[in-house]
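Both complexes below contain subunit A, partnered by subunit B and then by subunit C.
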Partner chain A sequence: MIAHLAILQVIVPLMAAPLCLLLTRPRLAWLFTLLASGLAFLTSCLLLQQVMTSGTIIYELGGWDAPWGIEYRIDQLNAFLLLIITAISTVVLFAAHTSIQDEIPADRHTIFYVLYLLSLAAMLGIVATGDAFNVFVFLEISSLSAYALIALGKDRRALWASYQYLIMGTIGATFILIGIGLMYQMTGTLNMDDLAKRLPEVAQTRTIFTAFAFVIVGICLKLALFPLHLWLPNAYAYAPSIVTAFFAATATKVAIYLLIRFTFSVFGLSFSFTHLPLQILFVVLGLAGIFVASTAAIYQTNIKHLFAYSSIAQIGYMIVGFSASTVTGLTATLLHVFNHALMKGALFLALGAVMYRIGSTQLSQFHGLGRQMPLTMAAIVIGGLSLIGVPLTVGFVSKWYLVLAVIENGWWPVAVLILLGSLLAVVYVWRIVEVAYFKPAPAGSETIKEAPASFLIPVWILVIANIYFGIDTRLSVQVAEAASRSLFGMSP
Partner chain B sequence: MFLGLFNYWIVIVLMMIGFYIVIAHGNLIKKIVGLSIFQTSVFIFYISIAKVDGGTAPILTEGVEIYSNPLPHVLILTAIVVGIATTALGLALVVRIKDAYGSIEEEEIQKKDNLD
Partner chain C sequence: MNMSLESMLALSIILPLLAAIGIVATGSKPNLREAVTLGTSVALLYLVINLYQGIKQGTNISVLWWELLPGLQISFSVEPLGMLFALIASFLWLITTVYAIGYMRSHHEQNQTRFYACFAIAISSVMGITFADNLFTLFIFYEILTLSTYPLVTHSGTEAAKKGGRVYLGLLLSTSIAFFLLAIISTWFVAGTLDFKPGGVFDSTVNTTVAGIILVLFVFGIGKAAIMPFHRWLPAAMVAPTPVSALLHAVAVVKAGVFTVLKICIFIFGIDLLAVLPSTQFLLYLAGASILLASLVAMRQDNLKARLAYSTVSQLGYITLGALLATSSGIIGSSMHIATHAFGKITLFFCAGAILVAAHKSKISEMRGLGLQMPITMAAFFIASLSIIGVPPAGGTWSKWFLLMGTMETEQFILMAILMISSLLNIAYLLPIPFHAFFSGDKTLSSGAAKIKEAPLPSLIALCITTVGCVILFVYPQPLHELAKAILAT
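Showing the complex of A and B:
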């Protein structure tokens, strides 16, 4: 059983998806999905524990040896990502049954859970696999289920957002496919570990440069790096609340993982950062993303839009940490992947609660909400503070490491810009606080009740995690540091 | 030079045609068609890299020493399935968009969204 953990991680939700289709009662389907996701979470905890104590786990599918067969390779980085994805998925699912009551017609509830499980399984697959082509297949499974999930949104604009995402996402995935093809052409292997060994021999060829460019651009489309982010705001804003909470916390993180895996492990540090101007390119795009997206967030009238733009800005921070190409920089990125998942999970889930009570997330509807839904609004405020990076929240921890990494490289102007970017976050979070707490509810309006417990419990689990991991950083920092050390080839 | 790399030239031409259609056309169906052509070019690319000079189909028979590489063929079968799924999902979305907006022209849809 323990020996098969790596494959169980992916196969349990993947098998649960078609089984779930047989359950016609929505509540049953929900409990079943929750069970599958919970099992995946347990598996990932065990995996992380095993990886931290005894090192990388290699699992050969069907018993075929590595370069011929597909292998799953779990090291600290994979295990960390698996934990984030399954934890968020499970917590978010607690609220799913209540949340989709009003947002999705009853006859589609089962389909919703099937798609959710497929999406979860595919994301776990992307992270777990050690085979480049397998990555593409899982990427497409996760994307196709994502398009369908987004199209389930109540507003008709969800359809249009989903269509745009489909076009952009398919182009991105096809780019990755071209890149993988070119790499295969030069090396004759698809196994990541094997690729890493064979690529240096042919690294100076134009084919490999082209392959690198295709893979990186393809991944950047998926992770919504500025200026390839155009699909993201509408897709997040019009998708059902649960879907937004799940994707905002996990989907772009998986793309960040792929970026790290391909640049550090497959192509290698010296190829990615010395031969190509990747570093300067990513610093500039990351910073541009932070400023453009944060400024755009300030002018949004729909809060889901606002936080979607803020997500693009947060991706900018991760990219800046990544481009520092030092252990500290990568630690900062991985920490922010973890911390941002907690923040955005809490924020979008709280917005789901608002959506459930007032049927809209327009800022104009938030008047006086601070009094009527105190617990939900408090969650949004704490999540917002964490986004800004106030001490005692997780946001502070990742910003701290990021600034440390940037200063370590002697990039003082970048450090200043990062802090200025945080000030923009103050502005957009304040706009919500101002409307919710300092504007009275419109006279004669109905009183709004606090969100039901099925929302409050998962939201507050995430909020407390936001504070807990802001104070006790042992788990997150230790794992992130171990992961980035192993990527740099140092023993942890 | 040209004839030797004939397949690859076709790949690039098809890829650019497909990509151009996706970007330049406002009709949602045409965009999906462009996307299909774009993906098809990659299928041809994979099949082309599998060709070994003088090799035959990868079926084990006596008297044949050189085979073409079957692995890219298998890979691309998977990618074709993915491509069909994407096209089907895209077309299904277009049907829903037509129901909801009464149009499949990008400009008109955006105009209607801006009115809301």
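Showing the complex of A and C:
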């Protein structure tokens, strides 16, 4: 059993998906999905523990040797990501049954869970596999299920948002495929570890440069790096609340993982950062993303849009940390991947609760919500504070590492810009606070009740995690540091 | 009670937090709720006095709570400067609670439970700041103080309160994140530690340009010290109920700011390094400008609380200036000014609140002849004004004396002149208020408003106590002076 954990991680939700189709009663399908996701979470905990104590796990699918068969390779980085994805997925699912009551027609509930499981399995597959082509396959599964999930949104604009995402996502996936194809042509292998060994011999060829460009641009489309972010705000805003909470916390993180994996492990640090001007490009794009998206967030009237733009800005922070290309920088990025998942999970889930009660997430509907839904609004405030980076929340920990990494590189102006960027977060978070707490509820409107416990419990689990991991940073910092040290080829 | 000094130190931070929970729990019974606040403030004062006696005997008191990141600890220790601030804050919390009970009830304020709960959290974070053993701990509590006082500033929930709150939070959070945090991370990067150490953490090899820039970042970043041009939050905060303005925006929050400046000057830079930094001179003049300009602005305010707020901005400039002088007289003067200004200014605010509650007046021009109806309040106002100006028989005399000595020792004659001129300006904007109240009694006005009486008894008692405090600090300044002297001895 223990020996097969790596494959069980992916296969359990993947097999659960078609089985779920047989369950016609929504509540049963929900419980089944929850069970599958919970099992995946347990698996990822065991995997992380195993990796942290005894190093990288290599699992050969069907017993075929590596360059020919598909290999699953779990090191600290993979295990960390697997843990984040499964944890968020499980917590978010607690609220799913209540949340989709109003948002999705009853006859599509089972389909929703099937798609959710597929999407989860595919994300886990992308992270777990050590095979470049396998990455593409899972990427397609995850994308297709994502398009369908977003299209399930109640608002008719969800269809358009999904279509937008489909076009951009397909371009991204195609680019990645072309890149992988070119690499295969030059090296004759698809195994990442093998690729890393063979690429240096042919590194100075135009084909490999092209492959690199295709892969990186494809991934950047997926991770919504400014200015390739246009698909994201609408997709997040019009998707069902649960889907938004799940994707905002995980989907772009998987793309960040791919970026790190391809630049650091497959192409190698010296190729990615020395031969090509990736560093300056990413610092500029990251910073531009922070400022443009944060400014855009300030002007949004739909809170889901607002936090979607904020997500794009947060990706900017991750990219700046990544482009520092030091252990501290990468640690900052990985920490922020973890911490941002907690923040956005909490925020979007709380928005789901608001959606459930008042049927909208327009800022103008938030009047008086501070009194009517005190616990939900308190969760949004704490999530917002974490986003700003107030001490004792997770946001502070990642900001600390990020600024430290930037200063270590001597990039003083960048440090100033990062901190100024977080001031923009103060502005957009406080817009919500002011409306919710200072505007009285419109006269004559019916009283709105606090969200049901099925929302409050998962929301507050995530909120408390925001504070807990802001104080007890051992788990997140240790794993992130170990992962980034191993990517730099140092002993953890 | 048999309790170790260490647990008393920890308890002095936890106790107000527990009180906040207690206040929320007893929210439906106002008498019980106020009893919780009063009881806690008495207990806190008891704890702090015990700690004071502890360090007088030379005991080292410190606790480590948690290591957040490697090398970044939340830890506390007691040293004289922190002790001084803690004594003032905890004593005045008790007095303000008494005052607030009278004020809030007769003013029929809403949401009193939230008010007292946030107040208690704010005091807890002030205690965290005073006893912080390193810059990191201090920063955490500094931010909590900002956030916990935001609901107090916006207490009334009106449009004006919302605007005031926006400026308040915007300026305090922005400066702390953009400059203060950057300065802290830079210090961590350059010195490798954030612990407060006598003589500073930077070694002799440090680049003075870099250290100078970090100093500027610190002084601008500590927005709570209200050095111009980052002072706007303080007048904006005056929309809060008067007890908040009195304790938080004359004592706790602003003094947390200048306390942090002092702490950083003495224990991060060390006065020897501070004296040779290229940016110190610039910051001294900035503080001087802040003193003069704020005094001039204060003269033009007709709203009493606004005038007092600008006066505070000016007086905070004194403390920053004293810290930056980097001599022992300057440091002693600054530390004593924290205490003397606290007593003086809180009395003035108490008076302003008393006038508002009893006579419903907030404009200075309407206060003529009020001395006949509210003689105690106006007499208190007069004595507290003397303390702010710095003349006998009030405590402000001593602190201004040491500050002037400091400027002379360092031969900063321009700054000396600024201090003198500012004292004259203080006279010009403070003394006419009690003067007109007593002597330009307009008969037509006072006969129509004959019903005005003194403020409610709890408020009156509170303002008498702080007035007596002003006088005692003049007659018997030795304990304060010894505490201030001990700061540099550690």
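We adopt the following convention: the second predicted complex is superposed on the first by the 492 of 492 C-alpha atoms of A that agree within 3 Å, B and C clash if a C-alpha of one lies under 4 Å from a C-alpha of the other, contacts with A are read in each partner's own complex, and residues count from 1 in each chain.
One rule holds for everything that comes next: a residue touches a chain if its C-beta (ideal position, glycine included) is under 8 Å from a C-beta of that chain, and two chains touch if they have at least 3 such contacts.
Model, not experiment: these values are computed from the prediction.
K.L.:
State whether subunit B and subunit C clash or fit side by side on subunit A once the two structures are superposed.
P.N.:
fit
K.L.:
Go through the superposed model and pick first if A:V403 touches only subunit B, second if only subunit C, both, or neither.
P.N.:
Touch partner of A:V403: subunit C, not subunit B.
K.L.:
Given the touch rule stated above, what does A:R156 touch, subunit B (first), subunit C (second), both, or neither?
P.N.:
first
K.L.:
Per the contact definition in the header, classify A:G389: touching subunit B only (first), subunit C only (second), both, or neither.
P.N.:
Second partner only.
K.L.:
Quick one: is A:W64 in contact with subunit B, with subunit C, with both, or with neither? Answer first, second, both or neither.
P.N.:
neither
K.L.:
How many degrees, to the nearest 10, separate the directions from subunit A's C-alpha centre towards those of subunit B and subunit C?
P.N.:
Angle at the centre of subunit A: 150 degrees.
K.L.:
Based on the superposed arrangement, let me know which partner A:L166 touches: subunit B (first), subunit C (second), both, or neither?
P.N.:
first
K.L.:
Please provide the least distance in Å between a C-alpha atom of subunit B and a C-alpha atom of subunit C in the combined superposition.
P.N.:
In this superposition, no C-alpha atom of subunit B lies closer than 30 Å to one of subunit C.
K.L.:
Using the superposition described at the top, list the residues of subunit A that contact subunit B and also contact subunit C.
P.N.:
Common to the two interfaces on subunit A: nothing.
K.L.:
What residues of subunit A sit close enough to touch subunit B in their complex?
P.N.:
Checking each residue of subunit A against subunit B gives 133, 136-137, 140, 144, 147-148, 151, 156-157, 159-160, 162-163, 166-167, 170-171, 174, 177-178, 181, 184-185, 190.
K.L.:
Which residues of subunit A touch subunit C once you look at their complex with the stated criterion?
P.N.:
Touch list, subunit A to subunit C: 385, 388-392, 397, 399-400, 403-404, 407-408, 415-416, 419-420, 422-423, 426-427, 430, 434, 437-438, 471, 473, 477.
K.L.:
Spell out the part of subunit B that touches subunit A in their complex, as residue ranges.
P.N.:
Of all residues in subunit B, those touching subunit A are 19, 22, 28, 31, 35, 38-39, 42, 45-46, 49, 72, 75, 78-79, 82, 85-86, 89-90, 93-94, 96-97, 100-101, 109, 113, 116.
K.L.:
Under the stated contact criterion, what part of subunit C meets subunit A in this complex?
P.N.:
66, 68-70, 139-140, 143-144, 147, 154, 157, 161-162, 166, 169-170, 173-174, 177-178, 181-182, 185-186, 188-189
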